[in-house]
């Protein structure tokens, strides 16, 4: 019996007085890929940033309601602790340019001043790069700087970096929109592999990607959660006419 | 569109290019001439003795600028020690807080400070340090020069950090790195080349300042390592010796000028090296 | 992901086909051995199972298309799986028809020794088995071979009718059973037809060539 890894209870998010997420109730099962889909400006990126408490970093931003990570209220915890349990991969690959590939992977430890002995460090680097399907390509070049890699490789490096701190959930904010089709395919395959060990929440505006990769799809429109269901059923016979309109290209 | 009066326009084009070239040449010419003349006048004075001896009494041959070198060194160190951390800190603050009342007034203060004549800053240092201490000192001179360095470092830091993409900060914060560590260990290192450039440029600037030193460091004919006492400096030495009636002293002044310009030249080359090695491409 | 899940849908189809094969086997066994319980089993247990499977496969195919937006060979494969699913369901219906008619026949006195019908059944089941093999192996040549056997089955059905008509004329009390025997023969012939449909679908899936509506006759 699988459990719920993340649950939101009447979650609302604001920029100043502007309400961008309207009382969303979502229960996300673990070890699955959840796609959050919707038209531009519907609030998908904002929603996942409420999960790892990055939303509140914007001046004037605030959150109402609760977000629970396996029964723990995320907004009662230290935000730093939250972000070590819920990692994030961004739209544009952003490896640290001054660090080597090796240091990039363990950046989560290094930047926090956590000392690792060489054996542990190399173990974490190798495991994370293998989980991100990058090990074979860079294992002989760990001393090189991040930006020498291609776009797809850089993104996988960012994935390895996020995996190194062993989060429960990994958030992907349109991770392949800046990549070419081959790199995109590799990362999609990676996500379906990763879900066995990490719950994946993927924001995408690409319906086809949501179909290929996800187990469950959440459809968001103007800050509201319209529908949340298994991908086959939602894509074939959506329950809400707004979902249908979006899928058939009739929604703004 | 048919080519309309093509020949005339091509000629005008070439004429403009030529004009720009001539203007550039003309503006570089004085600089080249100055450097050439200084080298011509000063190079002959340079010798090992020149760098290691202190000035001899009037009339005697030889002597050097050792005490002025030491003095300039002390002044730069005293100026840099407080102003680098303060300047970087203020630069970080301004970069992180683009809006807000404090930032507004702080930026205004920086601009005003940068535009304040150096002699006025020397007067300030006189009032704050020389008077309470009861005498001239390297300390007061260093403080005056430090105040001069401050706005330059602040601006360089702020502008460099503004160029660091938000994506880097985001990446670090998303890893669960606290804010202050993100600034210190991600943003600052990413902007290090720009900040170092700012520091080096400001050092080059103050190394050649004379006015504020007139009533703070005051000058000293002898070697002095004590920061609580007056100290000589290269620009001051040049001023004093060049305005003296002794040809021997004139020669030394030219040598000192040559050294000063050479130092600034080296510093700028060093800056370029720093940029090439340390600049981070985003 | 795509290949893996397509394989899974195909396996569901193969499972369904195995069930249908079994149903025909049981129906003919029940007829020849006069086993009423076997015939009832097909009608009451096997058919509902097959119907449920058919719905499952239908849904799986449609969901698969929505999720993977297939092209080229993948598209042909999933569309043909959808068609073959339909054909299998109709074969299952024919098996049920055979059972229903058999239930009448076995309770009447024998009309004549059963010779042609078991032969037809053997052929029809052979065609079905081969068509499924051609699907599993993605073997278009085997598919074409099976299509050519359809004529033999048609011939046997005509033979059955030819034999039974005079019997019905001379012994009217056998009309009931004879009519049902003719129905069984027709069902078996239909099973042969549907098996050729499956083979035509396999050829399209593998090669992209349409051999429907007896265009394969030209390749003799």
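Per-chain residue numbering starts at 1, and chain names A, B and C are given in the order in which the chains are listed.
Here, a contact is a pair of C-beta atoms (placed from the backbone, for glycine too) under 8 Å apart; a residue touches a chain by one contact, two chains touch by 3 or more.
This structure is a prediction, so every number in the text was calculated from the model and none was measured.
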item: Chains in simultaneous contact with chain A and chain B; value: none
item: From chain B, the most remote chain by mean C-alpha position; value: C
item: For chain A paired with chain C, centre-to-centre distance based on mean C-alpha positions, whole Å; value: 50
item: Between chain B and chain C, centroid-to-centroid distance (C-alpha), Å; value: 94
item: Touch list for chain B against partner chain A, complex; value: 165, 167-168, 170-178, 181-182, 185-186, 189-190, 280-282
item: Touching residues on chain C, where the partner in the complex is chain A; value: 1-2, 59-60, 62-64, 66-69
item: In the complex with chain C, residue positions of chain A that touch it; value: 188-189, 192, 208, 211-213, 231-233, 235-236
item: Chain B-touching residues of chain A, taken from the complex the two chains share; value: 52, 54, 57, 80-84, 87-88, 90, 92, 94-98, 107-108, 110-113, 147, 158, 161-162, 165
